[in-house]
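Chain lettering (A, B and C) follows the sequence in which the chains are written, and residue indices restart at 1 in each chain.
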Amino acid sequence: MSVGTRLASAVGVDGYVETPVQRREALLGLLLILPAVVLIGAVILYPIGYNVYLSFTEVPLNPDRAPEWVGLGNYAELLSSGRFWSALTTTFAFTIGSTILSTVVGLAVAMLFDRQFRGRRLARGLVLLPHVTPIIAVAFVWQFMLSPLWGSIPNLLADWGLYSTRVGLLEQSSTALPVVIVFSTWRNFPFAFLLFVARLQAIPESMYEAARIDGASALAQFTDITLPELKSTIAIVVLLRFIWEFNTFAEVWLLTRQVLTLPIFAYQTAFANFEQGLGAAVSLLLFAVQALFVIGFVALFGEDKV
Amino acid sequence: MRDAPSTPPGDDGSRSTPPGDDGSRSTPPGDDDPAALCGSAVVDGPQPRPVPDGGSSGRPAGGDADSRDGGAVGVVDFAGEVATAGGETVSLRALTKRYDDEVAVDGVSLDVAEGELVVLLGPSGCGKTTTLRMIAGLESVTEGSVAIGDEDVSLRAPQDRDVAMVFQNYALYPHKTVRGNIEFPLAKTDLSREDRRSRIRSTAELLDIADLLDKEPAALSGGQRQRVAIGRAIAREPSVLLMDEPLSNLDAKLRVRTRSELRALQQRLGITTVYVTHDQEEAMSIADRIAIMNDGRIEQVGTPEAVYRDPTSAFIAGFLGDPSMNVLPVDGAVDGDAAPNGGPTPGPADAPGDGMDAGAGEADGSALVAALGADAPDRAARVGIRPEDLSLVDSRGIVGDDPPASAVGPFEVGLTVLEPIGRAYELTLDAGGRQLIARARTVPDELRGRDRLAVAFDRDARYYFDADGGRLR
Amino acid sequence: MIGLLGAAASESATGIRLLRQRIRADSRLRRLGFYVSLGLTLLISLLPFYVMLATSLTTDDAIYVDNPTLLPQAVTLEQYTVLFTGETFAFVGYFANSAVVATITATFSLLVGVIGAYSFTRLEFPGNTLIRRGVVVVYMLSAITVVVPLFQLIARLGLVDTRLSLLITYTVSTLPLTLYMLWNYFESIPVAIEEAALLDGYSRVETIFRVVVPLSLPVLVATFLFAFKIAWNEYIFASVFLKSQAKLTLPIGIERMNADFSNVWGQVMAASFLTTLPIVVMFLYLEKYMVEGLTAGAVEG
């Protein structure tokens, strides 16, 4: 038997193919997908596995020494850490707030765009800008705008009498979280917007015409026609945004140090405090939450809906 | 490229070489100078063959030619036509294709002779395209074999079979010009660049697309694209040409015109061709032989006349012919809304002059039905009669120049619809609650505007079928 | 990102359809309401960009004032010129790093993606569906999940502070998207064209590069640009893997800028603007290609 044949049998191709030509093609198929699989396996799957291991260890600062096993020590530490729990709640608050807001705003803007007008294509492109720009750029502009000293916004707020002095919204933990949520909404609503616009366009105009002839108000049209048609899109948007916001790092980190979400907690633990084992444990927990939602998503929608 | 001057066997058109079921075979002329082909440098296909003529002197073309009998010869003329050395035979043996639990092709066996055009005809889903693709190698063979020439190619990759295919939607390379499209397969042959260029040119001229060579497919009309697809297929002189409903994307008129051109081209080149279609008219007009497929099996193979005149099953009888054969249950008692079995027995045709008041039938036409079913052989469950074998009867007798000798009738029937379709008329008749279609070349004035007519039929033109649809003779 | 693409794509592709003509039927008041809403939306979306640009064109004196105004008082290009001289920070170096990394990433991702996507769509092999699902799942993961262990691995391999670490990481980050975009497109190419090539004597691999790839050029460009964007914008991996100034990419470089110096907002804005510009240009260009890319595959033969 040739190498190819032996290889094929090893991989289980035999039950799959009828002729040598098919076997060759199957082998080719595997060969062509190999680079992608190897890369993804090495850079994502293996590290995740390694992460599991790491989370049970304490990693010394010296890279030449191996990590020492501490069993569930890291997890115990986490679960008893007030900071951890506070980060957890903050993360949920942030995620829920950002998801709901960006979905609602995205929907609203999508409805706005659901009509013919001059310059529509340009406007649509412009609306997408917050989402495609490098995070560093937009984060710093916001920082600048909100800076109590030079920023226009605190200035405005003070002028309107909302605050007695110009306040650093990003510097007080009480106001920082809402601001970060607003920023995240601003950055991510275009994602929801695009998905909604596409779906809206697929709703036949005749449905609305019929409703109008029947005398339905705009609100009724929305609740009775639009919303049901959008149900699955809304579900997809919410689910995806939830998964992504739960794990977002740069959006918060680059704006303020006053908001402690789990990703930031993980980052700080690992790279500021150099407690990589502990950091691994946090990321693993994050991963677990994420995996739950991802599996739920794929189970509900299948892989074609992305 | 071939340089030998010689007259081609040329445009004599009718050139059916295949040893069909009926053995009809017209000797191709073109005895002229096959020797001219010897020494032709090009060949990547089969070598030129001697002129067939059931044992003719077969002047072997070239020293190394395999002299095969029955081959077609292509020759070049000064205009530089594409010449092929003809095609190979194709043999299918118990060819089967199974998908999980579904059997798409079930034990198909067929022999295609060199240069023959065999049409696989059948309704959608009958397995004809799958069979074609198995010949091409685009589908794997579950059981059975495909042989081209003498070689079993069932396990060979499509690249190695020397088969070309014209797809239903042409599948041209959109990013290449017409020239590029035709050149692409040639790049895989041993032709020199020069030869390639002239081959492209002659193919283009043959198909009348020479002025389109620098255009891209998107800029062409459907008919032009189709020619390019054909050109691409034949340019490299494959052993076998496969065509998968190549005309179905053309409009009706173009389709009719193109199919006769296709036929002429195929005969001129003498390439063995397997052609798939669901259009029975198309099949009838171009095939040397038709293989009718149903449900994964071949039901009958034969020349167009043979399958039309002598179908082996009710399915085939009903499939061929447009409008289709009228098929009725015998005795009228089988299906329910039957004419009563009583009623005056129809006798042999009265003197045609009797016309309308012969009173030989019930006013509701059930007599016609009964007459049709009379004298049926024992196991007959159904009887069929073609629309053209139902004749109108007016006051002067049977309408038409050539009334059948063994006519039976007249029987009175209801006339539901009278449709002129150009060169003939289709009449929808109501005979005892059954709908029959009749076809007549003319409809005399006295019969127009009536809602009752008299018809007669040729008693010898009936077909009988048993309960399973098999033909009884 | 996939959803974004898909949504934008389907929207453009069905652009032939008429959008609702409500504007015509509306009353004056509603039209006014519409334009006001639209204007507000655009304003909110774009205000930060305006601020970015305006600030980058303002002199330092005019920035650090008690009463910041929306309109730049004193326009200047000095914020930009400073960047290029490299006195304060090696902007040009950062830019070059980002460009190199992003280009190589996108190229490599495309290569691996093309053969992988072709394999998914046309070839049958055990595990095809499973791997595809796996790719979709991986796409939804976030960087934070792997950054800790990945850093460990990179450190062990001695690749900290190298561009290579980024190249590998970014390629993998972009792979799911690349694969997805390409396989979606390849599925829409009529199989018959490739079958014709096979019958014409070409092997599968030859068919990929001589038939499928030329046919997919618009999508290949779009995929390249999307991958480029991801690599160009990326922050967290770069911040963890890179240490020395010479290796920094733009996002980290700008962050360093801001952290190491105070009151360099003008330059930060200028740098931000220059970082954003390629993406915006790319994006506007992409828009056109997205529509073309989708219709090109619909050639009937």
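Going forward, a contact is a pair of C-beta atoms (placed from the backbone, for glycine too) under 8 Å apart; a residue touches a chain by one contact, two chains touch by 3 or more.
Not measured: the values here are computed from a predicted model.
A.B. asks: Using the mean of all protein Cα atoms as the middle point, what chain has its own Cα mean nearest that point?
C.D. replies: C
A.B. asks: Which of the two pairs, A-B or B-C, is linked by more C-beta contacts?
C.D. replies: More C-beta contacts join the chains of B-C.
A.B. asks: Can you compute the centre-to-centre distance for chain A and chain C, using the mean CA position of each chain? Integer Å is fine.
C.D. replies: That pair's centroid distance is 16 Å.
A.B. asks: Using mean CA coordinates as chain centres, what's the gap between chain A and chain B in Å?
C.D. replies: 61
A.B. asks: Distance-wise, how many Å sit between the C-alpha centres of chain B and chain C, to the nearest whole number?
C.D. replies: Going by mean C-alpha positions, chain B sits 56 Å from chain C.
A.B. asks: Can you pull out the residues of chain A that are in contact with at least two other chains?
C.D. replies: Correct list: 17, 22.
A.B. asks: Which chain C residues reach two or more other chains?
C.D. replies: none
A.B. asks: What are the residues of chain B that contact at least two other chains?
C.D. replies: In chain B, the residues touching two or more other chains are 137, 157.
A.B. asks: Using the touch rule from the top, collect the residues of chain C that touch chain A in their complex.
C.D. replies: Those residues of chain C that touch chain A are 2-4, 6-8, 10-11, 14, 17-23, 34, 37-38, 41-42, 44-46, 48-49, 51-52, 55, 63-65, 67-70, 112-113, 115-116, 118-120, 123-128, 131-153, 155-156, 168-169, 171-172, 175-176, 179-180, 204-205, 229, 232-233, 235-236, 240, 250-251, 254-255, 258, 265, 268-269, 272-273, 275-276, 279-280, 283-284, 287.
A.B. asks: Would you pull the chain A residues touching chain B in the complex into a rising list?
C.D. replies: Touch residues, chain A against chain B: 17-22, 24.
A.B. asks: Taking the touch rule as given, give the residues of chain B at its contact with chain C in the complex, in rising order.
C.D. replies: Residue list for chain B touching chain C: 136-138, 157-159, 161, 163-165, 167-175, 184-185, 188-189, 217-218, 225, 229, 232, 236.
A.B. asks: Along chain B, where are the residues that touch chain A in the complex?
C.D. replies: Residues in contact with chain A: 137, 140-142, 154-157.
A.B. asks: Inside the complex, what are the residues of chain A that reach chain C?
C.D. replies: Counting only chain A, the residues touching chain C are 11-13, 16-17, 22, 25-30, 32-33, 35-37, 39-40, 42-48, 50-51, 54, 59, 63, 109, 112, 114-117, 120-121, 123, 125-138, 140-142, 144-145, 149-152, 155, 186, 190-191, 194-199, 201-202, 205, 208, 236-237, 240, 243-244, 247-250, 254, 263, 266-267, 270-271, 276, 279-280, 283, 286-287, 290, 294-295, 297-298, 303, 306.
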